[in-house]
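First the structure, which I've put down as structure tokens, then a few questions once you've had a look.
In this document, chain identifiers A, B, C and D correspond to the written order of the chains, with residue numbering beginning at 1 in each.
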Amino acid sequence: MLNWLRRPKYGTVERREMPAGIWDKCPRCRNLIYRKELERNLMVCPKCGYHHRLSAVERLEITLDQQAFQEYDASLTSTDPLGFEGYGAKLAEAREKTGQAEAVITGDGTIDGRRTVVAALDFHFMGGSMGSAVGEKITRATERAVESRLPLVIFSASGGARMQEGVLSLMQLAKTSAAIGRLHEAGLPYLSVMCDPTTGGVTASFAFLGDIILAEPGALIGFAGRRVIEQTIRRKLPDDFQTAEFCLQRGLIDMVVSRAEMRATLARLLAFFGAPRVAPAPEEPAPAAQP
Amino acid sequence: MTQRPPRPAADLDHQLAELEQEIGRLHVRARDHSESRETEIAALEQRAAQLREEIYRNPSPWHIVQLARQAQRPRLVDFLGSLFTDVIEIHGDRLFRDDPALLTALGRFDGQPVVVLGHNRGKDTKENIARNFGMPYPEGYRKALRAMRLAEKFGYPVISFVDTTGAHPGDQAEERGQAEAIARNIQEMSRLKSPILVVVTGEGGSGGALAIAVGDAVLMLQYAVYTVISPEGCAAILWHDASRARDAAAALKLTARDLQDLGIVDEVLPEPLGGGHRDAEAVYRVVRDGLGRHLQALREVPREVLLDRRYAKYRRIGRVVETLAAGGDGDRAEARP
Amino acid sequence: MLNWLRRPKYGTVERREMPAGIWDKCPRCRNLIYRKELERNLMVCPKCGYHHRLSAVERLEITLDQQAFQEYDASLTSTDPLGFEGYGAKLAEAREKTGQAEAVITGDGTIDGRRTVVAALDFHFMGGSMGSAVGEKITRATERAVESRLPLVIFSASGGARMQEGVLSLMQLAKTSAAIGRLHEAGLPYLSVMCDPTTGGVTASFAFLGDIILAEPGALIGFAGRRVIEQTIRRKLPDDFQTAEFCLQRGLIDMVVSRAEMRATLARLLAFFGAPRVAPAPEEPAPAAQP
Amino acid sequence: MTQRPPRPAADLDHQLAELEQEIGRLHVRARDHSESRETEIAALEQRAAQLREEIYRNPSPWHIVQLARQAQRPRLVDFLGSLFTDVIEIHGDRLFRDDPALLTALGRFDGQPVVVLGHNRGKDTKENIARNFGMPYPEGYRKALRAMRLAEKFGYPVISFVDTTGAHPGDQAEERGQAEAIARNIQEMSRLKSPILVVVTGEGGSGGALAIAVGDAVLMLQYAVYTVISPEGCAAILWHDASRARDAAAALKLTARDLQDLGIVDEVLPEPLGGGHRDAEAVYRVVRDGLGRHLQALREVPREVLLDRRYAKYRRIGRVVETLAAGGDGDRAEARP
């Protein structure tokens, strides 16, 4: 991984800062993979192609051109509007764990020299759940795209609405979708990228409203959960149910793109849709991993 | 958001149940032994009525969930019959299937043409099975969208009745893209060039509700609920204990008053003491009155203003803080309108 | 039947002018029905509800208010643009048989006092097939509706495009659909009524483009023919395949309305959509059956 | 419409077949008996080449049907690869299924962004089975419409390649409303706010073709056909004799030249002698050139003018007469524009 992204001010990230030489067991093929090799391979298992989940920071690092990222609303976060039992503690824990203030990073940057507004949800932050802050940040980012006449790229990875904010979180579906609706009316392109997993309220709002919808191989994509569906229909679901490939075959998404190809594919799409080209930034040495 | 003092709703429930049992026993004894227990029974029944009224007057969120789920609550077809004239049901998404869980119709309200739609819950098991308990498949949402586009073509207002436990948790609904269908509806409703009035009449369950619930005015019956997840589901997921549904019901702030406080519901329509099923006519009256007032107000709004206001209405929903702004202490802020 | 409609100038209609007292065998239930009784019942079998096919004249007679009909383009007809073997003779035969110049009658009239443009296809005229003249008359009627800000009601009954006019007939799908598209943009209502049978090119154009689509009970509605489908899938189709009821269940049409209810239903729809109300015409004695 | 003198195409076919047989026999004999038959063979082959050229130069409509159905004819993927750059295939109707019989893609033509779509016929049996021989299901038409709406959003031209025997004659296609899907596409294409260019490259079969063939400019390869019904189907229905397909092919006026005469095709793109499969590069050249010219012309047309012209273009197609006008003799008239 590139490790160049300016870290947010929130806490200390310890994620994956393990001693060199450590081995990971692939959750799909069960092979032991040398961590460095996995990182070089963008956290895709070199044996079976399993796409490990990425944090939002990692996602942006492997997608955006170095140094070009301008973050929006880095310190915006949900409050605990309902006084919901345990929510405050969970928020604090998630912040500590991820080093992020919330479950999404938004900003603008360039992909292969094409400027775009971008958002990446972080499944490691309370399951990437959408509360007021995630909805607000997505909405603000979308509005910025409209104001600046820039494309919008969103990487989704979410379990759905954040139930600790009650209907306020459900309403973020409406708020974000309304903003996306205005973006479409403004004739600006929106590329939605579904990563593992993209489920619940996020699928039922901005994630399925892209002009073009991309997904990572094997990503879980669906509205209702497998368990509740199996309870309803009283039988087992096939293994590929709600995968990216399943959705492609069902006509719900445009393409399944491996992580290795994702950046180039987004760049081609942005070029096609006329995203503004910026002069490449002067080469600078990559910054140290942590501030 | 106002906080009310907690009430011992559970105790009242318990006392009432005991009283009702005792009254039953007395009735049986009076019949079997030809004894007159009238005075005794009358006293107990008076006490029970007091208790009921106490409960009805200050129902807990969990009570309200029960009221919202009351089988005899007025349903869409009742509202159609009582509030609208010249009703003509229209069918189908023109794509795949006519979903009986979601009803769409043309009709007149106060003599003016409107498009009416909503979750089509039944009154009995047979009706409910035929209509999938008002839980739409994707084709139901798409049928609703078709009806709304029809309204838009002619500039007719849309009146949407929300009453569902939620989207259908089945494999076919997933295969046919229910997430896409819900997302599409939400987006299209946010930009539809017709006034949209929403009335949450029973259960407003998550995405399945929101898919027809984006509007210029969202009204809600006093004992309806509107929630991101069922209290049972919330308790099971968060606390691994479905029996804590009562606590979840309180925590989720799913009552009409709570949602009005949160800026999500524009008006709470009062119900008769003890719930709408006890006096359906009274419910029709408040809904008719509420719809009439809001429709009148919306009719006078120019189309562009309408859309801007609708956007602003949803734009400001949410509570966020800038945690690290100006030194890190956090400014509480409404979402920017 | 009312028998009030001004007959077109073309030929002599001999249709159903049989001696009184004759009996018809119902093609569905096989009962013998007294002809007068059948006519009183709008040609619906009183035993089994079978809806006999109506001519365009009959259709308009039972639908429109008396005396209010103003026919358009009564003498417009297809020529034989390709010099297609046998076409000229078939046209002449159809004209002789039906007394109509073509397979559709168009005009404006009132239904329960609501003014509307109306078209009725005639399956007895070369299977209600759409050639240049049918396409042209439907298009002109649609344009008149736009010009006069009137609703449009079309009764379809057709086997599809008229193959003797080659691609010229196929292009009538485009011509009529384009006209309907303009009608929709003009915000005018279009009620499409599918009668038995409505198949092929007519379904693939104006018949399926109604704001509201109605159908008569049991009407055959579909694009491809049953026989060719059975050849493709190599099994028998269910009896109700491609019926009006089948289409209703599949979400393709809005309602199945019996002939007895059709006029009242159209009147209610026209009233709903604000079709202009005209003063009822003064009562006049019904004209004699034939000029 | 110009009428050409009938040519004895069948005779030429017959002579050629006999010649080819004779040449084959000579080859076999030369090999088996080690005889030199070179001179003889050369003479016959010269005669065969002459015959072929005669046929190729004036192919009958039936010959053209055969050429249009030639398995090695350039297909959509060939055009995509040769005429467009930066091609990105997009998938799905966002409703039910991704139909492989109909391909949609983003790409550049002359460096300009366009949306490309068309019937996706394969080159071999395996491909063709996977793609249902380029016969779309309703979801194919709806996928095309989605791609066209994308084009409209961004103001990109649509380029549509027509190459299908027709709609899919199956029960599921009917159940999912293929008539509705075709009608919807035709209507939407007639009003789409993007320039639409259509190229009929192979078989243009009835509604399945027209569903993606309404446009501002309709180009057609010289040996493509476009017809309301297959010659075989026409002969079977009208004459109860499918073997009269050759006559039906002539009667239906389904060749590019005929259709240009009838005002349905705007330009015929010439093919190499003997058919496009003999020199695919030459086909790409004429298609590229034709698209380029028409696209350039259309780019300069304001949007409202474009839509008015498109309407007028279809508005005038058809031949009607007023049989009883002015005394009954009949005025021949083009359809009123």
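In this text, a residue touches a chain if its C-beta (ideal position, glycine included) is under 8 Å from a C-beta of that chain, and two chains touch if they have at least 3 such contacts.
Everything quoted here is computed from the prediction, not taken from an experiment.
**Student:** Count the C-beta pairs in contact for A-B and for B-C, then report the pair with the higher count.
**Tutor:** Looking at A-B and B-C side by side, A-B shows more C-beta contacts.
**Student:** With centres defined by CA atoms only, which chain is the most remote from subunit B?
**Tutor:** D
**Student:** In angstrom, rounded to a whole number, how far apart do the mean CA points of subunit C and subunit D lie?
**Tutor:** 33
**Student:** Could you work out how far the Cα centre of subunit B sits from that of subunit C, in whole Å?
**Tutor:** About 44 Å, centre to centre.
**Student:** Any idea how many Å lie between the Cα centroids of subunit B and subunit D?
**Tutor:** Whole-Å distance between the two chain centres: 55.
**Student:** On subunit A, where are the residues touching two or more other chains?
**Tutor:** 184, 208, 250-252
**Student:** At least two other chains touched by the same residue of subunit D: list those residues.
**Tutor:** 94-96, 176-177, 180, 184
**Student:** Based on the touch definition given at the start, go ahead and assign the chain network to line, ring, star, complete or other.
**Tutor:** Topology of the interface graph: other, matching no listed pattern.
**Student:** Which pairs of chains touch each other?
**Tutor:** Every pair of chains in contact is listed here: A-B, A-D, B-C, B-D, C-D.
**Student:** Write out the stretch or stretches of subunit D touching subunit A in their complex.
**Tutor:** For subunit D paired with subunit A, touching residues are 86, 88-99, 106-108, 113, 139, 143, 150, 153-155.
**Student:** Enumerate the contact residues on subunit D facing subunit B in the complex.
**Tutor:** The contact residues of subunit D facing subunit B are 94-96, 142, 176-177, 180, 184.
**Student:** Would you tell me which residues of subunit C are touching subunit B in their complex?
**Tutor:** Contacts found on subunit C: 184, 187, 189, 208, 211-212, 248-255, 265, 268-269, 271-274.
**Student:** Would you tell me which residues of subunit B are touching subunit A in their complex?
**Tutor:** On the subunit B side, the touching residues are 1, 167-171, 173-180, 182-184, 186-188, 190-191, 206-207, 210-211, 214, 226-229, 234, 237-238, 247, 251-254, 259, 262, 264, 310-311, 314-315, 317-325, 332, 335-336.
**Student:** Which positions of subunit A touch subunit B when the two form their complex?
**Tutor:** Contacts found on subunit A: 9-10, 73-79, 81-82, 84-86, 101, 131-133, 135-136, 139-140, 161, 163-175, 177-182, 184-185, 200-201, 203-209, 221-225, 228-229, 231-233, 237, 241-242, 250-252.
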